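Each of the next two complexes has chain A plus one other chain: chain B in the first, chain C in the second.
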Partner chain A sequence: MGRETAGRFLLAFLVASYFLAMLLSGGVDRFLSEQYTMTAILRVGVPDEEGTGIEGKVVALSPVREAKYRNPEEAWKEFLLTYPGLESLRGMGKNPLPGYVEIRLRPKSVSEEGIDEVRSALEPLPQVEKVLSGGAAMPRLLRMKRWANVLLWIGFALMCAVFLVILSMQEKSRAARLFPEVSFLADRGVPEGRIAAKRTAGAFVTGGVLILLATACSGGALYFLSLRFRLLRVGVGPAQELLDARFALPVVLFLLSATVVQGLLSLAGWRSAFSKGR
Partner chain B sequence: MTDFLPRARSVLCLAMVLSILLPPGASSAESTQDRLRKEKARLTEMRKKAEKTAAELNEALRRERSARHKVDDLQKRLTRQRRLIARIDGKLSALAREMEKAESEMRRIDEAREGTERGLERAAALAFLEERQTSGLFPLEPHGERLRYFTNRLLASESGKYSRLSADKEEKENALSGIERQVQLSEKRISREKKVGESLLSQRKKEAQRLAQIRTQKERKEKELKALRARLARMEALVSRIERQAREAERRRPRGREGGPSRFSGVPGGLVAPVRGKVVGPFGKYRDPVFDVEVENHGVEIEASSGSPIRAIGRGNVVFSGTVSGFGKVLIIQHGTGLFSVYGKAESFTVAQGQVVAPGQNIGRLPESSDGKSVLYLELRAAGTAIDPTAVVPLSR
Partner chain C sequence: MIEAFRVGVVSRGRTLWEGITLAVGDGEIWVGTGPSSCGKTTLMQILRGEREPDFGDVVVAGESLYRGSPGHNLRFRASSGVVPESFPGSAGKTVEEMFVLSALAAGGVGVAERKGRMEELLSMVGLSGAQAEAVSSLSASERARAALAVELFRGPRYLFLDMLLANAGKEWEERLGALLRALGREERTIVMMERHLPEKWVGMTISAPLNAEPFTFHRLGGGTSAERKAEGDPMPPGGRLPMEGGAD
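Right after this comes the complex of A and B.
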């Protein structure tokens, strides 16, 4: 019994962890949003005040998570840092590079729509020379992102299915084990329906508690691991964000559905065991 | 010298007249005639010398004038040449400055071009590497696209700059070669002009040396002439003294013995032209173009065919026949008291001293010359004064 519960907890922990990770990261959305940047190249000679103004305007756009204005000098330093030895290109002390605004999108906005929204807001500006958004590789990348998300959710679905199968098997075997005792009680005049209802209600409670505990543990584990591993933080995101209201409903729904499923699986296991015993 | 010659001539004539008129028996007259003869010979010699010196001086003056003209001309040409050389020099300096400027510009362009070339090569290499790295599916580096854009932008800018610099360099090179061509031409011209200047300078030096020589010669001749004039003046004084003696002899002559007419109009038989020809040298004062002095001509020059016979203009007595420097063979005929006719520049005379001649009598002939023309000098003297022969003798002008 204890081993069964531990196994069930472990499964629930894994499913909950997968779910929370998918919830936080949106699949590969967060990873992509960390990697992907759009750049609004400003024209040469645009003053810093205007660059900062454009930065503020970009930050106000809904798909944008973060925007930073870099003046031409910073751009030149960054360029030299990447390609040292090109100082000679700065002919007669004149900086050949313009300033730019680096834009990072929200994970959910790393899409054609999000990119187009930012692009259409920036391109009409006379100070903007060009908006760089990944070029020709971007549609392919976004297509790949969608496929990757689908695959990840399929993985989650498979995991849930495995969890269900294991749970139903556990419930069936448990019902079969308890059949003599239930038959004894039934023979003594205790109604079978009451016994089944009691068992199902018990399964709901224990299942709910189990999934709640497992989810809490996975949340805690994600939090501690994301603190330690940067890759996890980059790929999945900070676990404390799970406390945001936007994640409350999916989590509650997950807990409820998991509880219901566990209760129903318990009932289904009893039914199967009784029908076979008669 | 011009004043001295007629005076000396008149003194000579007077002396000769005196020698004729004085009684042959008088010993004082004889001694006077001897002295007169000696003085005459001395005077003739001095005249010859004076004429020679005058001719030499004349030649020296002519040469000096010609040399001075040449030197002046050379000086002018040299000044012009120097001005031209200075102008070319100025132009050359301006060209050199322009060339220096163009060369420094070229150096600057070359340096900029080299820098751009290096940058371009590096940027091209980076762009190539970037392209290769990002040819996959996803730009792994977050700033890759931006840096690639910057690299391409720099590449384009540098290649534009490179093209501009190349065009600029080509233009400057063309300008430089143009300037170099101009400099070469100017240098050639200046060396040519310098050569001309040098040759002018050497010519001027030579002419200056020649002028100095001529001046020295002229000074020497002038000294000689001065000395000769002094001697002639002494001779003039001597002749005057003899003339006075002749007048004294005239006074001592016994009364009743006439000395002939005292005017040419009174010469018996009238006067005839000595040669057939026309007067080419007038009587009186005229300006000598060579010495630039006023010269008084005491006779006329009559041009006639060479070899023509010379006739006596009137009856008279030959008082002198000899050679006078500058006048060649000279014959003097006395026609009356104080009336003399002098014939010069003859080839020869056929009459001798003391012989009496009739009017129109052949007395000699003119010299032969290659152009077929010869000149006879005719001088008439009355009472010690030269008179215009055209006024008394029928001569065509």
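Right after this comes the complex of A and C.
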């Protein structure tokens, strides 16, 4: 019994970890949003105040997570860091590079619609020379992103299916093991329905507690691992975000459905063992 | 009162027996005897409401166990105890855990009360201190007596005992006879199935055996209040069992 519960907890922990990681990361959305940047190149001669103003406007756009204005001097320093030895390009002390605004989108907004929204907000501005957003490669990249997300969710569905199969096998064997006791009670006039209802109610409570503990542990594990491993932080995101209100509903639905499923599987296992026993 | 009317059973396409008629009054003790594999357990199951007969009917308190309401059958089973030929298997269960199960069937009994009554009942059947023993580690005789104690825990009004004497062994015939008669005095109705009526019990019968092929039914005396009066039994109705606290 103890080993069975430990096995069930481990499975629930894995499923919950997968679910929380998917919820936080949105599949590959978070990773892509860390890697992908849009750049609004400003015209030469746009003053710093206007560049900063544009940065503020961009940040206010809903798809944008972060925007950073770099003035021409900063742009020149970055250029020299990347291409050392090209100082001679700055003839007569004049900086040939314009300022620019580097834009990072929210994970959910790395999409054609999100990119278009930012472009259409920036392109009409007279200070903006052009907006770089990945060009022709972007649609293919976004298509790949969608497929990768679908595959990851299929992985989650498969994991849930494995969890369900193992759970139903456990419940059937539990019910078969309990059958002598249950038939002892049934033989002595305790209604079968009452026994089944009590057992199912018990399974609801223990199943609920188990999935709650497993989810809490997986949240904690994600938190500590993301502190330690940068890759996890970049790919999945900071675990403390799980406390955001926007995740409350999916987490509650996950806990509820896992609890209900455990209760129903217990009832089904019990019914099957009892009908065989009769 | 349990009344069986022309009860019969078909097994593997042939009639095993039919036309069994029996009336067991409240507080009466009946022992049905018959050869091996003649269907004693089946008859007991039929009388208890567990298995519908292929012919005839069983009526308890004026209502059929099989054609009446399911609630009537359930209530009858709740008010009856059964000691099967082999103690309910529950691998790894201790005697105490069987009492817990019995308490559950009785609708719940407090821990202190359960422990007290369990010790009393176990000592009555010669199993003092056996509560921690695994059922599987007990001998056939001990199992039969433990099963009886577990059933008596619920205080059933009707008691069905399948091969209790055969399993408990000869040395327990006399003591169990006294215990069952004492239960009869408490207005409990007892139906037993055995291969033979023990010699020591023949003197306890109060009427001529009732023959109903392949069974013979013997009625033991000392159960009903009329019989008690006739025997000059001083035990008041509802009094404590004489063997309580000192069977061994």
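Assume the second predicted complex is superposed on the first by the 278 of 278 C-alpha atoms of A that agree within 3 Å, B and C clash if a C-alpha of one lies under 4 Å from a C-alpha of the other, contacts with A are read in each partner's own complex, and residues count from 1 in each chain.
Quick note on the criterion: a residue touches a chain if its C-beta (ideal position, glycine included) is under 8 Å from a C-beta of that chain, and two chains touch if they have at least 3 such contacts.
Everything numeric here is computed off the predicted structure, so don't read it as measured data.
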{"item": "Which superposed partner A:T52 touches (first chain B, second chain C, both, neither)", "value": "neither"}
{"item": "Which superposed partner A:A137 touches (first chain B, second chain C, both, neither)", "value": "first"}
{"item": "Touched partner set for A:E181, first chain B, second chain C, both or neither", "value": "second"}
{"item": "Partner chain in contact with A:P191 - chain B first, chain C second, else both or neither", "value": "second"}
{"item": "Chain C versus chain B, contacts on chain A by residue", "value": "B"}
{"item": "Partner chain(s) touched by A:Y36 [first = chain B, second = chain C, both, neither]", "value": "first"}
{"item": "Partner chain(s) touched by A:S272 [first = chain B, second = chain C, both, neither]", "value": "neither"}
{"item": "First, second, both or neither for A:N149, with chain B first and chain C second", "value": "neither"}
{"item": "Chain B - residues contacting chain A, complex", "value": "112, 115-116, 118-119, 122-123, 126, 134, 137-140, 142-143, 145-147, 149-151, 153-154, 157-158, 161"}
{"item": "Residue ranges of chain C in contact with chain A within the complex", "value": "50, 74-82, 88-91, 93, 101-102, 104-105, 154"}
{"item": "Residue ranges of chain A touching chain B (in the complex, touch as defined)", "value": "35-37, 39, 41, 75, 78-79, 82-83, 85-86, 88-89, 91, 96-97, 100, 102, 130, 132, 134-135, 137, 140-141, 144"}
{"item": "For the chain A and chain C complex, residues of the former touching the latter", "value": "180-181, 183-185, 187-191"}
